[in-house]
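Submitted below is the structure of interest, expressed as structure tokens.
Chain nomenclature is as follows: A, B and C, assigned in order of appearance, with residue numbering initiated at 1 for each chain independently.
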């Protein structure tokens, strides 16, 4: 199962990276003669209203979606990890303040919050990454704080102090790496959610601006064609979203096993 | 005197990812009615597996490959699950280590005892509750009515163990298996618990199979001792004989490796390491570490009689 | 010269009270303990669970801040040191923990664990540090070949040796050992005890050995102090304590130890009941209420008397 997931993600990633080399068409270039063409020899996944090759657009959209998901997750994870670690280890007043900040973020339904931030900042790729990152910080913050609360009571945490380490080193060198296994699973799940969020934002028009292709936006475009029968415009991007998110989920479990320290040194 | 419990040639394997763990290899022991028998061995020697096998509590990946377990004439391995359930908890009960984790954390302790009484006897819940309080009193818990309403986490380790003992003796079993009942308890509490077990055993006439790694515990509480090493039973003796004239090299090494409070005397660790049960040596499993080893030790070891009831599974042991 | 002086150490934990105006109740874990450990000596600190010995150990190392009292290491007041100075002083006072598995960071190799104190406290770097770490590993009987292993690849006994190696790497003046053999199997216990004795002999280590296992204490320690409910009740040279115990608690404790000899019939001094909670400590002698020899005078504050050279007891009746 996890191998299949890895395979899917590898294909997506490779395609995303190699896109300019592999694909002959320009994703944004319209071709007036070949509009709304069904999947066939020249355009494997068909064309849209402007005659743009769907396969090319799909792969380029993959680049955008993956990039946003990875960047947003990386930012959220870093910020959340630091907040959670400090909060969990120090406790007391700092803990209360940081947790209230996180509570505030969590109080909003995450999509609404992302919408709000994207609307306020404007819908460039950077701003969307920021919006998603902010909504994801609480996930990692709480998770790591919880792990840290548990781990700081262990004897090796005490030993790290006894040996003479400074607090910062204890937190970040000794304890934080041991907090990570559950975070990894969460991160892969969250990456799936990030993709869904970008797609949803683009679907309602607050996401990536056209003409840049993005899976959600493509699905939105395709929605208008459900009735008239040009099914290829929304089916493929939809499938891409589903396959990628599912693969991330499956990968999460596999990664957690790999990160188990008992695997080290084997 | 016929034996109450007879375990003969018990062999148990566990199938694991790393291979077959040969946990028990022809283990044998006997317990007579009303006797207190100590089963001694280090961790991993197979004592707990033996206890679980007796009660037929072993589940896959454990497999019983051979041997016979007889309790009061009944073949415990061949009998039906229904017959086994009638035995388990009623005729043979068990007290486990870690009493706090063996008790149900969400039920008051009195309730747990009462439920047991209702299950095994035709007794109404109200009577069962009253009897449960009585049992708590009998095991030495002060203010039993109040304690019966409390939960496991509100009781100290020693008290939890007393509750476990109450539960084990509630049905008046003929045999009580106590698996490391004092691990984790303070010395004084442990002494109280062992006293309690001994007293109740004598009063009810129940036989006790006391499983422990602590030779000191065995010395004062048991009538007979069985020594186990790496899944094999290596020596059977009345308690005095075991301590004053240990026959098996392992028993001797074990006795030498304990620091003593009374008297000085050198402490010598047992040479070598406990063999892996994944690839145990053939024949006697102590042979690779034994100073008296001979070629015959690599074949299945015969049991010799040292002196009357004192027997040893060793070809090299002297009878003195 | 005394390596360690503990002077009237007190560790009280306040319990949060649900009722805001009621005075908070206090757990008096360590309630005025004084002791000394001379250079090269091994002082055993025995007591059952809840007596406060582990808390005392943590106070000595200043892992928790004592509420009152002083800890002097080589005449330097540890309790008054600022954070950074204390951190540097940790080179001289180390601890071996009880649970060999839990006290090792599962993500650090043996080498990393043992080299860390060297990295923090010595100017050794690179190859020199590795060499010293290997030396320490040899000293504890592990051998440098295990340096790249991780804790899960080691047996319980080996893990405890790594623990010990980490503690002695910087040649500390004092090593505090908190139940170092309790989590070990019987056969391993002997080995670790012998290792500790050997290290003491070879390197002149000073130990504060905390345990509830009296037989191990007998073997390793020069002097023994007995602790109950936060205070010391008796202190004596080891042989003296085991042969002529004076305090009823010491006598009760000794009589409970299972002796691996069916011929020996210890005279049992039984204490009734269970250890009271360290929140509601009886006034006067703390053993009052459980002690079979209790008299009315035991409700008075307890005098500490020296009944033989080096042998002090806190009891009215001795």
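Side notes on the structure shown:
Rule of thumb we're sticking to: contacts are C-beta pairs under 8 Å (C-beta built on N, C-alpha and C of every residue); 3 or more make two chains touch, one makes a residue touch a chain.
These figures come from a predicted structure and were not determined experimentally.
Taking each chain's centre as the mean of its CA atoms, A is the chain most distant from subunit B. Chains B-C form the pair with the most C-beta pairs in contact.
Ranked by how close its mean Cα position lies to the mean of all protein Cα atoms, the top chain is C.
Centre-to-centre separation between subunit A and subunit B, using Cα means, comes to 55 Å. Note on chain placement: the centre of subunit B and the centre of subunit C lie 32 Å apart, centres being C-alpha means.
Averaged C-alpha coordinates put the centre of subunit A at 51 Å from the centre of subunit C.
Of all residues in subunit A, those touching subunit C in their complex are 154-156, 158-166, 174, 177-178, 261-262, 264-265. On the subunit B side of its complex with subunit C, the touching residues are 42-44, 142, 156, 158-159, 186-192, 194, 213-220, 239-240, 243-244, 254-255, 257-262, 267-270, 274. Against subunit A, the residues of subunit C that register as touching in their complex are 61, 63, 87-88, 90-91, 94-95, 97-99, 102-109, 116-117, 120-121, 148-150, 152-153, 163, 166.
Contact residues on subunit C toward subunit B in their complex (touch as defined above): 48-49, 185-187, 189-191, 193-194, 212, 214-216, 218-219, 242, 252-254, 256-264, 268, 270-271, 273-275.
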